[in-house]
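Chain naming follows the written order as A, B, C and D, and within any one chain the residues start at number 1.
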Amino acid sequence: MAGLDKRVNTYEEALAGLTDGMTVLAGGFGLCGIPENLIAEIRRRRVKGLTVVSNNCGIDGFGLGVLLEERQIRKMIASYVGENALFERQLLDGELEVELTPQGTLAEKLRAGGAGIPAFYTATGYGTPVAEGKEVREFRGRRYILEEAISGDFAIVKGWKADHFGNVVYRHTAQNFNPVVATAGRITVVEVEEIVEPGELEPSQIHTPGIYVDRVILGHFEKRIEQRTVRA
Amino acid sequence: MAGLDKRVNTYEEALAGLTDGMTVLAGGFGLCGIPENLIAEIRRRRVKGLTVVSNNCGIDGFGLGVLLEERQIRKMIASYVGENALFERQLLDGELEVELTPQGTLAEKLRAGGAGIPAFYTATGYGTPVAEGKEVREFRGRRYILEEAISGDFAIVKGWKADHFGNVVYRHTAQNFNPVVATAGRITVVEVEEIVEPGELEPSQIHTPGIYVDRVILGHFEKRIEQRTVRA
Amino acid sequence: MALSREQMARRVARELKDGYYVNLGIGIPTLVANYVPEGMDVMLQSENGLLGMGAFPSEAEIDADMINAGKQTVTARPGASIFSSAESFAMIRGGHVDLTVLGAFEVDVEGNIASWMIPGKLVKGMGGAMDLVAGADNIIVTMTHASKDGESKLLQRCSLPLTGAGCIRRVLTDLAYLEIDNGAFVLRERAPGVSVEEIVARTAGRLIVPDDVVEMTF
Amino acid sequence: MALSREQMARRVARELKDGYYVNLGIGIPTLVANYVPEGMDVMLQSENGLLGMGAFPSEAEIDADMINAGKQTVTARPGASIFSSAESFAMIRGGHVDLTVLGAFEVDVEGNIASWMIPGKLVKGMGGAMDLVAGADNIIVTMTHASKDGESKLLQRCSLPLTGAGCIRRVLTDLAYLEIDNGAFVLRERAPGVSVEEIVARTAGRLIVPDDVVEMTF
């Protein structure tokens, strides 16, 4: 890792600087497109008191779910967290705080965090518990609530291919939250299935320009499937 | 044009419904990636009193500049309009109103217009004439101004390739404002260099999903160059 | 008789129009995709970032990187596009989806919908439902008319925390198809063999019964 | 003697670091690209939507679809990316660009900058300049120290309408390199052969002259 070359060789190096109490933004939707190995490395480092921002919190024993086992997560910001018995238990026990955020608002808050927009208005959540304590404002006869940006100390991202400069493309619907999460980390770490030479990715087809990316690492992925569904 | 098939055969059909006093959003940066033929069709239709939103206003005799000749534009919202003698004359004569908007704020206002965000805060323009009459608000110790979304009756867009469903890809830096403009039109019309069959464009590589597009037309383009610069 | 799940899906499918972009929620709404009328083509949006959802895959086609918002493996049809969650909800929030179909616990005469949270029970989250109801002009709620113990789900005022305020105009239950207008449910169609009286009895919110309530046919 | 345009570009280039993402404005800032130190690699951002701007094209390479923010034909270097204006300014506004270099009419001791509008003259527009100065932490303004008729451009308070408020910390003029700190210009370096006295005489805003003002060498 030197200059524009973002490649690192070890997961330890990939998450160097991650310490207790930090905010970690994680890409993925369910178990699709999650940074499996970076999550495993967070577990290995045994950092505690994390705030984790991710659409979901994995399942028991896989994905972000593994960080619950050693009680590493203090607060979870997510849109849906229902797939995880350990999560439920820690929540009911008061060991874990959860801030439920509508999925589109969560994506937009992360985009805003990366894009220098401190806050925006949205109709999503107006008149619901999500609006509690938030400013309500009318524009052209409709009511909206004010939502603030989210950014984090680390963003952990799962890409398909990246070049040395950290330009990333995602594969199919494994894209999901990964590109927005990538923009909103003070340090953004991307793990990918393949690292290619600069110039191999078509410039107009890059999903995440390297300017957002600090470290790139080559990983191997289990890619567990949550709802294996086939046609009759 | 039926169901998901957005193709139309004539420019007249492409802009059917465009009438006096409407707001037209136009893609392009300088003369790069401008919807040349759709602009020519607006001229041919002789609609008047338009509000045009575009980063620039073309040059004398090309691009949006041609709409000045018959005084079709009442108001221009742009970030930079300096390349056009006729524009200057109409502005000084008070025939034309101009609302100068910082380039990034303009792009974000259009994105917001397409994305259901009625307004957002930005530091851009705070403390400058752009902030006049706008709310100032502090977030985390920094001051921002409130900017509202822009949407339009028609969006005119220049793409490279589109399929029947209106999925569009742009070529090189002719992308510029085109994707954001495409999201913010009540009716979005895209002219392209090539129309391909559905399935020919890789799903993850589409810049403008067809959901934003109402009409697609095949065009031929002059692609005039503003600053031809070569290396020694 | 009350509509079956399949009949509910078939009835909703009659609201489709050629060229619609449609977001179908989990459960009965998902079944609507099976009843797109002949000669009509619609594009299914899945809020995890897929426009142009296709059939479920064969065993050979299964790909962990290709799922829908229900986290099921799916395929993309020709002409599909795939994008980020931010883009997906820009589409939804911006009102570009032509029709949204989703389930609910309760709906009321003001067009309020409650579908995500039962106080005292563990709350799993709203997922994309709040964005979907706030972003769409055209929503059909599908649900049973009453709970298992006979309590009406069509109320004067939702009792549960809301998913969205004032955003629902159409409800299809197992007993009836209703519009919400001007502070009341308006009965438009009744399920085959279900009497207006039964619908009146099972609707807690203000209900208007026009003279011309149609009996659905399948 | 006052610095030449090329010397100004060379001095700015010393502020580059390996791996920087840099946005260079029109004029002297553009020249900085010619003086990237040996063994160092930086990536040039052009706000029309290009990260990784390369050299100007040969006649054969010219492509109308490939321009920079100055509307000049350019090329993309290997490892470049190309994106929409919204994405380009998300990058800029979000503070992801490491160094921004741009010209100005005036700068003052509060870090205000005026660079786009002279009342009474026709206003062409601010383009991306307001976004660039608001989004960057690290900005170098390059301009002549005084106007042609000798009026200082380093002021106690900008007289022209601002491009940005309180956002400038570093200024390179043809006479000096200065930092802005705590309501004053701090003289850090002087052009070869230019005396501190001359700089003092040509600086209208409060100026602090430390003991260790370095003379630039080229």
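Criterion: a residue touches a chain if its C-beta (ideal position, glycine included) is under 8 Å from a C-beta of that chain, and two chains touch if they have at least 3 such contacts.
Which chain is which protein? Per UniProt: A, B, C, D = 3-oxoadipate CoA-transferase.
None of the values given here were measured: they were computed from a predicted structure.
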{"item": "Fewest touching-chain hops separating chain C from chain D", "value": "2"}
{"item": "B-D or A-D, whichever has more C-beta pairs in contact", "value": "B-D"}
{"item": "Centre-of-Cα separation between chain C and chain A, whole angstrom", "value": "29"}
{"item": "Computed distance of Cα centres, chain C from chain B, in Å", "value": "35"}
{"item": "Of all residues in chain D, the ones touching two or more other chains", "value": "50, 76, 82-83, 89-90, 92-93, 134-135"}
{"item": "Set of chain B residues in contact with two or more other chains", "value": "108, 111, 115-117, 122-123, 171-172, 175, 203-204, 207"}
{"item": "Contact graph of the chains (line, ring, star, complete, other)", "value": "other"}
{"item": "Pairs of chains, among all present, that meet the touch criterion", "value": "A-B, A-C, A-D, B-C, B-D"}
{"item": "Residues of chain B that touch chain A when the two form their complex", "value": "108, 112, 115-123, 137, 139-140, 142, 144, 148, 169-172, 175, 203-205, 207"}
{"item": "Partner chain A, residues of chain D touching it in the complex", "value": "18-19, 21, 40-43, 45, 50-52, 76, 78-83, 87, 89-97, 134-135"}
{"item": "For the chain A and chain D complex, residues of the former touching the latter", "value": "2-5, 111, 113-117, 163-165, 167, 183, 197-199, 201, 203-204, 206, 209-212"}
{"item": "Contact footprint of chain D on chain B as seen in their complex", "value": "29-33, 55, 78-82, 88, 91-92, 100, 102-108, 110-111, 122-130, 160, 171-180, 207, 223-231"}
{"item": "Residues of chain C that touch chain A when the two form their complex", "value": "46-50, 55-59, 62-74, 76, 82-86, 88-90, 92-93, 112, 117, 122-131, 134-135, 161-166"}
